[in-house]
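Two complexes come next, and they have one chain in common, chain A, joined by chain B in the first and chain C in the second.
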Partner chain A sequence: MKSEAKTVIIGGGIIGLAIAYNLAKMGEEDIVVLEKGYLGNGSTFRCGSGIRQQFGDEANIQMMKRSVELWSGLKEELGMDVEFRQTGYLFLLYDEEELESFKKNVALQNKFGVPSRIISPEDAKELVPPLNTEGIIGAAWNHTDGKANPFKAVFAYANAAKKLGVEIYEYTKAEDIKVENSEIKSVITDKGEIKTRRVINAANAWAKLLNAKLGIDIPIEPYKHQSVKTEPIKPGQIEPMVISFKHDGVYLTQEAEQGGIIGGYGLKYGPTYDITPTYEFLRGVSYRFTQIIPSLKYVNVIRIWGGYYAETPDGNAAIGKINEINEYYIAAGFSGHGFMLAPVVGEMMAELIVNGKTKKPLWFYDPYRFERGELRGKAIQMG
Partner chain B sequence: MSEKDIIICRCNDVTQKEIEDLIDQGITDIEEIKRLTRIGMGPCQGRTCIPLVMRIIARKTGKKIEEIPVPATRVPTRPVPMGVLAGAMNNEE
Partner chain C sequence: MRLNEHPILNFQKRRGKKIKIYFEGQPLDAYEGETIAMALHAAGIRVLSYSGEKHRPRGLFCAIGKCSSCLVKVNGIPNVRSCITLVEDGMRIERQQGKEEIPKTVKPPQWKDAIKVEGDVVIIGGGPAGLMAAINAAKAGAKVVLIDENPMLGGQLVKQTHKFFGKREQFAGVRGVKIAEILIEQAEKNENIELYTETSAIGIFQENDRKLVVAIRKNKELVEFWGKAIVVATGAMEKMIPFENNDLPGIYGAGAIQTLMNTYGVKPADRVLIVGAGNVGLILAYQLLQAGVEVKAIIEAMPKVGGYFVHAAKVRRLGIPILTRHTILRAEGKEKVERAIVAQLDENWKPIPGTEKVFDVDVIALAVGLRPSIELLHQAGCQIAYIRELSGHVVRRDARMETTIKGIFVAGDAAGIEEATTAMLEGKIAGISAALYSGKSNISWLKEIEKTQKELTEFRSGPFGKHVLEGIKKVMVGEINE
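Here is the complex of A and B:
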């Protein structure tokens, strides 16, 4: 292990790795990534794999539009197929109030070049043949949303970063950060000390524990969410990510390569670091899936697992520079959107660190908005 | 029979060669091999493949089999139809 580095990134999930890769791509040298377990084990490998631009605010729409552009080229850029597929996101709408609010979202999305639209229940049924359309009055549909393989994406970023000289230390836990007179001196790990002047906290669910060591309080709390995976079914049955708020935020899609159904719903526990799967979820998710796609009752559940939504009070991440300590940055608290945002967050963080400004609205995720009481509109939080 | 023809994971059609190639690339952590190849993530929950993969890792890296952690088994350990799980809930509510 190096005893000195220019930049230390804490967190070897897709966010930390995307930042490392983009910094190295912009010519930064001497970058180290610390991961307390194996790469992606914290939240990325536990996520639902969805990637969407259908948000209800300008910043998330612009950030995700750029992210989708980057996702589309990741295979070529990183030299590994991350199985990005633009199979769309379909929000099922059951009453006028829902329909009106999605019409507004669609208009805003269109303004920024996202080709979403409201479609009829019949069109929805055509996209998802086994869909139960009972009670559905319309759906919000965007064909350029999609999904990717979290496992492949993490390895693609890690390998591309390594090729550019980034050093990644797995099973190496950052335990403390030494600071003197607002200047970072070093990061203390369980394998030794690394002298550095710049630290990026990309620890998501564990970000607040690091911040606490430095007396910094940004409200990010870990909540347990769960996902389910079924046995493979005939390809092409449920290609889009299908979402229903009327069924407690249920989301489900058929995996591109494997053909199994993956998804979950809004049930959450916490704040907690316990992610043991629950029987309540197993039954609850089966009930909701079969309400939306009745024929899934014949399909076997193979596994359920838990993971974290590292949540902030408004469901948007805390990204930016920490004023109290020189060269201390945070990109954490993604509230379930870290995977889809990773390519653009990696790019914008590298721009922020190298150029001091960004092309996309990173200010929206200002870590100080909570103490100023300027909460954002709650982001649509699922899938 | 070559390693290309030996299926280690019958649920997800993973061959011995695919596992050995990853180890040759330096990916020797069973948790990472699991997620890249999907060994142990199929209907059998790794009953067949996990012990085989552990032995391949041990042979190729010189590690003892006891030093290789066994990946988590997930609920439900045997496949259960969604209708059974959903129905159980209906009856109670």
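Here is the complex of A and C:
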């Protein structure tokens, strides 16, 4: 292990790795990524794999529009197929109120060039043949949304970062950060000390524990969410991410290659670091899946797992520079959107660190908005 | 073809009502009480599906619901395990073509509360270990619920036509199939034991101070089994070895062949080559002869026979050659096995060119060992260790068969591959321990546990037990009760 580095990134999930890759791409040298387990184990490998631009606010729409552009080119850029597929996001709408609010979102999304639109239940059934359209009055549909493979995406970023000289240390836990007179001196790990003047906290669910060592308080709390995966069926039957808020935010989609159904719903526990799967979820998700896609009752669940939504009070991440300590940055609290945002967050953080500024709407994710009481509109949290 | 004459078993008596099923649109005769795979095999059908990528024909392998090699479409529903699903009159069965579509128009299921079954001890698996656990937990005072995903209880005992060794109280001199009858009858007669067959456990959850086994029954019905303690006696799964065309229909696990001929009275083949001369391979050879099947040879990669001398001697007396230091190179055949190519091995385990032999057989039996079925224990969060002597990944446990999760016990092959007699003894220990844990028993039963532990030690004192004992030493947690 190195004893000194110019930049230390704490967290080997897709956010930390995307930041490392983008920094190296912009010419930064001497970068270390610390991961306390194996790469991706914290939240990325546990995620629902969805990538969407259908948000209800300008910043997230712009960010995700750029992110989708980046996702589209990742295969070439990183040299590995991350199975990004633009199979769309389909929000099922059951009443007028829901329809009205999605119409507003669609108008906003269209303004920024996202081609979402409201479609009829019949059109929705055509997109997802086994869909139960009973009670549906319309659906919000964007065909440029999609999904990717979280495992491959993590390895693609890690390998590309390594090629550019980034050093990645797995099973290496950052235990403390030494600071003197607001200047970072080093990161203390369970494998030794690394001298550095710059630290990026990309520890998501564990971000607040590191912050606490430095006396910094940004409200990010870990909540347990769960997902299931079924046995494989013929791929292509449920291509979009299908979401219903009427059924407590149930979301599901079919893996592009293997054909298993992946999904979950809004049941959450916490704040907690316990991610043991629960029967309440298994039963609840089975009920909700079969209400929107009834023939899933014939399909066996083969896996169930828990993971974290590192949530902030408004469901948007805390990204930016920490004022109290020089060269201390944070990109955490993604509240369930970290995977889809990773490419653009990586790019934005690298711009911020290398150039000192970015044209992306960094202001929206200002870590100090909570203490000022300026909460953003709650971001849609499903899928 | 169905077996009607058998020196030990009487299938005429066992078979249910004759019914009609349809395979790829063609009507076939079947009997109530037999599984889809058995009825199809009896009608000469070996190919049950084609693989998704390369469209290779696939057939049975394990025949006890563990390997998913036998998936078919039943009444339009894909991914049905034909080996453990019973036939029904008028059933429409089709070969599965890789991954299949699900129906497009189905009514959403009427959702009601899951059926709840309550007990003190919930036992998963109704083989020798599970049945003994149930009988003894009930004797010790617990209310017991036992579930098994197969249509009948008895596990692998129901297919053992040979007589057991050991002591009289360990059923020495009694055939396995008879032991199964005795245990099943004891369990059925005990009013403190509830039995559920065709019920697949899919998960174990801890809910406050109680444990929950979630299971699926026919028509995807969800059932909750609640208890204070759980005994997992899920048995084992057959190992596969790599060789060319090892996925051809007609390459069966030894247990699958026993299921065909000894459980359901279906003639498994005309001519068989057996790979592996351990006890399973040796016993299988003379069971095949009992069923009127020709056994061409038994091949064994090791320099000597692995099973008991008495079994090997009997097989040799019956004229079956045992070729040690031989391995299988490949299987050949168009849609199913037509022949097997074997060769001799040199001291570096490399096939010696020029020693190839061709056997014209229609089934190749793999008797190359088993591995413990620990999936549920793993899901529950029990600590797992790889122990070569116990044939794979097993759970860490103590002398009372309790795993690293309090209240979850293990017994039989799921705890490490051994044999039916030790499975029964472990089942007894686990059953009583679980009853004690549930608070429904009293400490006088500790004596019975100690007695059974002694019996186990004695049974394992022979040369074959030495290996297992070394494995158990490695897997044990906490103090060993001597």
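Operating definition for what follows: the second predicted complex is superposed on the first by the 383 of 383 C-alpha atoms of A that agree within 3 Å, B and C clash if a C-alpha of one lies under 4 Å from a C-alpha of the other, contacts with A are read in each partner's own complex, and residues count from 1 in each chain.
The rule is short, and it goes like this: a residue touches a chain if its C-beta (ideal position, glycine included) is under 8 Å from a C-beta of that chain, and two chains touch if they have at least 3 such contacts.
All figures in this text were calculated on a predicted structure; none of them were measured in a lab.
Within the superposed three-chain model, A:Y287 lies in touch with chain B and with chain C [touch as defined at top]. When the two complexes are overlaid on their common chain A, residue A:F155 makes contact with chain B while staying clear of chain C.
In the superposition on chain A, contact of A:E170 is made with chain B only, not with chain C.
Looking at the shared chain after the overlay, A:P130 reaches chain C, while chain B stays out of its contact range. By the touch criterion defined above, A:G40 reaches chain B but does not reach chain C. Legend: residue contacts after superposition of the two complexes on their common chain; A:L296 is shown touching both chain B and chain C. In the superposition on chain A, A:W305 contacts chain B only, with no contact to chain C.
Of the two partner chains placed by the overlay, only chain C lies in contact with A:I233; chain B stays clear of it. The intersection of chain A residues touching chain B with those touching chain C, taken from the two complexes, comprises 231, 277, 279, 282-283, 286-287, 290, 296-301, 304.
For chain C in complex with chain A, the residues that touch the partner chain are 77-79, 98-109, 111, 114, 202-203, 205-207, 212, 214, 216, 220, 222, 224, 381.
Residues of chain A touching chain C in their complex: 129-130, 132, 134, 231-235, 237, 259, 276-279, 282-283, 286-287, 290-291, 294-301, 304.
Those residues of chain A whose C-beta lies close enough to touch chain B in the complex are 37-41, 45, 151-152, 155, 170, 229-231, 258, 277, 279, 282-284, 286-287, 289-290, 296-305. Interface of chain B with chain A (complex): residues 12, 29, 31-32, 35-36, 38, 41-43, 45, 72, 74-76, 79-90.
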